[in-house]
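Here come two complexes built around chain A, the first alongside chain B, the second alongside chain C.
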Partner chain A sequence: MNLIVDAIAWILDPAHYGGPNGIGVRLIEHLWISVVSLVIAGAIAIPAGFLIGHTGTGRAAAVLVSGGVRALPTLGLISILGLSIGIGVQAPIIAFVVLAIPSMLAGAYAGFEAIDRRIVDSARSVGMTEWQIVGRVELPLGLPLLIGGIRSATLQVIATATLAAYISGGGLGSFIFLGLRTNDYTQMLAGSILVIALAIAFEGAFSALQRLVVPAGVRAGQRTKVRSGSPRSAAEAE
Partner chain B sequence: MIEFRSVTKRFPGGTVAVDDFNLVLPSRKTTVLVGSSGSGKTTLLRMINRMVDLTSGTIEIDGEDTSALEPVALRRRIGYVMQNSGLLPHFTVIENVATVPVLNGVPRKRAFSDALALLDTVGLERSLADRYPSQLSGGQQQRVGVARGLAADPNILLMDEPFGAVDPIVRDELQQELIRLQRELDKTVVFVTHDIDEAFLIGDQVVILEQGGRIAQVGSPSEIMADPASDFVSSFIGADRGKRALSIRHTERGAVLVDGFGRAAGVLVEGVAVASVAVESEESTSS
Partner chain C sequence: MFTAAKGRLAWSAVAVGAVVALAGCASGDPLDEGTSTGEEGAAAPLVVSSQAYYSNEIIAEIYSQALEEGGYEVDREFQIGQREVYLPELEAGNIDVFPEYIGSLLQALDSEAAGGTADEVYADLQEALPGGLTALEPADASDQNSWTVTREFADKYDLTDVASLANVTEPISVGGNSELATRPYGPEALEAQYGVPIAEVKSIEDSGGPLTVKALVDNDIQLANIYTADPNIKANDLVALDDPDGIFFPDNVVTIVSDKVDAGAQKILDEVNAALSADDLVSLNSESVNDQKSADVIAEAWLTENGLI
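Entry: the complex of A and B
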């Protein structure tokens, strides 16, 4: 109990905010590493996922690759990459990209696959081009699941970005590794709490976003379906 | 005019859905393709707007070979109405109806005001314009589907069992509306159904299909009823079961028509100007 109080006091101490090893700088590093990794992973996984979802081919390969990649231990990957390209931020970013790809890929193609094929067929039969089908039908209808994939990738990366500090990549993990080396458990715990708080903040933002991107017509359908049940279930759904 | 010439469709799995099919569908008339499930009706319909590619043969629209046309452009000038309305769930009613004109580059404002007028045409309240498909009844969704099919003012309207999923009362209503619309709009309609009564009610030309898209008989409803080409056709239209074998029975109150089961099927009305109510008169003799 005391340890937690100490850790919170450590976090609240203004002296720990400034300077190159302060919470401010480390937080920005942590966010930067995470965002860069996620953007790169998204640039690879989302178009690939759309292609798989739209054409319905390559799914088996994607599942295989995702499964294989998921089995890679991130710390091991960081160590190997660190040995070959040196310490710093590049090795962890590559490892986090690898970490984020499976969830994003799954979210992207699951979002497309979940769309009733008859809707896509109907869009095509009134004369939409393939690009228009992707942009006006599959993307808006698949967005909630895609955001779900980005959400779990973000959570994984923010939690795992702690490991960047293992090879001098910075981030909130610095407090944990520094605390570990100096037997400063207060600082270790403070670092962990900061990472957890950051993850929770993103989780909250994403769950709000995920609800927001459900197209109005789809939400309207869900609501009428729920209401036709009991008034209670409608209240719970809100 | 739509013309099928030796059209064959073999699907990748090896199923021959349509085998050497030949048919002329006259302009501004309703042709109904009727047959049991799996007889190739949907495949035939979807080959017209190139949603399905032919394995061999040609389809011409007003003398133009469709294989030479760009599929997207072709689809935009052919209305298509499907069984489950096929509306986009995240588009409002008005956005759904205006889809094709907007794709064709008509300014949104004009496309939407035209779409509102189309809601009147298909008998929908304008107040439904901002609803989503999920907030409409099945019958209303089908009407929106028809309005969407008509939005680009196509010469050809393809309808694949458009009233198959609505309850019988609504279906009757929609059938009557379609007959009215067709009288006003004068489109070349290709209508697919497995319901022979619907086929006789709506069709100017009825095509009865056997498996593999083989034509069992082509003709006007009265031609087919008067002279079924085969036992298959007799059985399909219910002539052999006595359903359409009507006879006059004289009762105390007057003459009634009875079917082969002895059930009263209607009355004979003399002196009606048949030409002007051709469709209705066929309905009353067939039901």
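Entry: the complex of A and C
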């Protein structure tokens, strides 16, 4: 366990916090790159997902595109983009946006699709406009799945944001690259542990948020379902 | 209740996963695959290795094909990281033939080493090598580290050698692999020795490859660590600054061999090195970078051309 103890000691060493290569700056860079990528990806994927989920058209195209995009290797994308737009954070951010879009898109449209059509129809029959249906029915009911999509995109982006350091974008990947290049496994592992800790922190926050956003009515319904755990009562519920 | 239990389960899974993953890293050297038993006898193939650097791999491939031509069995273990990673393997006798560069290797073995001419460095290297390893006669070809600037930047400040970088009045950005910061010729040395005004060191992890060249041409960085045998220097009209004080050691190509490499095999490698000129190395690299040929094709063509196979 020596290497882990060393790595934790490395993280706790105050000497590693100051300066442009310190943990403080690198952590902020990492967060900044991740958050910017996720916000851009969300601005593209969530409205698109809502549109697909609400209208039910374009789903096949969305599945196809997001499936294809998922297969793109991020490091390759960063290198290619870097060769056309230069070093720095832009190329990694575009690559991370591409990485985050499929999960968010899937979360957004799956959230809408999972809603019982009868609920949407009844909303329409009581005279709700399409905007009201989206805002007051589909959005709240689809929110847990959407948050789930954002959660998985966040996890992917935080873990992959280490690659920004490949092209002078900074972030916690700097420790991993420097450690790898100079055989300094302590530093490499310390960098990895910091990324893992960051990912777990976000994971915890999202899992709390995901539970929080379940609408009260749906939560009540879930509780009934939980109580009726036996096959007999499940059959009754059908 | 069900949801809560699922949540706990997920968290335990994360925790267990983390512990397993960390434990995997904990067993000392992650690259250690256990002591190699090294089968005795002539049947054991010679292990030829290379750095994770395309040019080094081409040389290793040339050695491999030449040795195979001479009737030796070769086991190719190419692309093993940077020097810090493969040097322990070399010292442990797990690698038999390795293309190296005299100055960089000497500096890695002896951080106090004095520079000098190629001959002096080669003599020092022979002494510095641990037992069981021999440095064969170096080639004429060299692939040195260099501090490289664009032609425009060189003209602006009248730059010819590294010392003239002191003429630069604006703070500059320096680019190269992240390990540059730890090297004796790194940005800190430039600042201390020549008073070069350095604003920022940007890590670009492609070993002076296309991204580094692009950054230099774009003026994102003004000074880059690029190898002198890189065809990009010529293609992009870059200027590799002279190094009169020898902050970079001469880096002629040299073959490091283990005791398993017998006289016959050494003779083959000596012949290859004798034929490998500086221009040859640049054109070999160019075939890889510009023509996108694979190492084995380039190696075979060069060996055939020089009548070695």
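Everything below uses one rule, namely that the second predicted complex is superposed on the first by the 227 of 238 C-alpha atoms of A that agree within 3 Å, B and C clash if a C-alpha of one lies under 4 Å from a C-alpha of the other, contacts with A are read in each partner's own complex, and residues count from 1 in each chain.
Heads up, the rule we're going with is that contacts are C-beta pairs under 8 Å (C-beta built on N, C-alpha and C of every residue); 3 or more make two chains touch, one makes a residue touch a chain.
From a predicted model like this one, the values you see are computed outputs, not experimental measurements.
Colleague: Would you mind checking whether chain B and chain C clash or fit side by side on chain A after the superposition?
Modeller: Fit.
Colleague: Just checking: does A:50 make contact with chain B only, chain C only, both, or neither of them? Give me first, second, both or neither.
Modeller: Neither chain B nor chain C is touched by A:50.
Colleague: By the touch definition at the top of the document, which applies to A:86: first (chain B), second (chain C), both, or neither?
Modeller: A:86: touches chain C, not chain B.
Colleague: Just to be sure I read the superposition right, which of the two partners does A:129 touch: chain B = first, chain C = second, or both, or neither?
Modeller: first
Colleague: Comparing chain C with chain B, which touches more residues belonging to chain A?
Modeller: C
Colleague: Touching A:137 in the superposition: chain B (first), chain C (second), both, neither?
Modeller: After superposing on A, A:137 lies in contact with chain B but is clear of chain C.
Colleague: Looking at A:217, would you say it contacts chain B, chain C, both, or neither? Reply first, second, both or neither.
Modeller: Touch status of A:217: first partner only.
Colleague: Answer with first, second, both or neither: which of chain B and chain C does A:121 touch in the superposed model?
Modeller: Touch partner of A:121: chain B, not chain C.
Colleague: Look at the superposition and give the distance in whole angstrom between the closest pair of CA atoms, one from chain B and one from chain C.
Modeller: Taking the overlay as described at the top, chain B lies 18 Å from chain C at its nearest C-alpha.
Colleague: Contact residues on chain C for chain A in the complex?
Modeller: It is residues 1-3, 7, 10, 14, 18, 22-23, 25-26, 28-30, 81-82, 84-85, 175, 177-179, 181-182, 200, 202-206, 210-211, 214-215, 218, 220-221 of chain C that touch chain A.
Colleague: Which bits of chain A are touching chain C when the two form their complex?
Modeller: Interface residues on chain A, with respect to chain C: 1-4, 20-21, 79, 82-83, 86-88, 165-168, 174, 177-178, 180-183, 185, 189, 193, 196, 200, 203, 207, 211, 222, 226, 229.
Colleague: Which residues of chain A touch chain B once you look at their complex with the stated criterion?
Modeller: So the residues of chain A in touch with chain B come to 118-119, 121-129, 132, 136-137, 140-141, 215-218, 220-221, 224-225.
Colleague: For chain B, which residues are in contact with chain A within the complex?
Modeller: Residues in contact with chain A: 46, 49, 51, 72-76, 80, 82, 84, 86-92, 99-100, 103, 131-135, 148.
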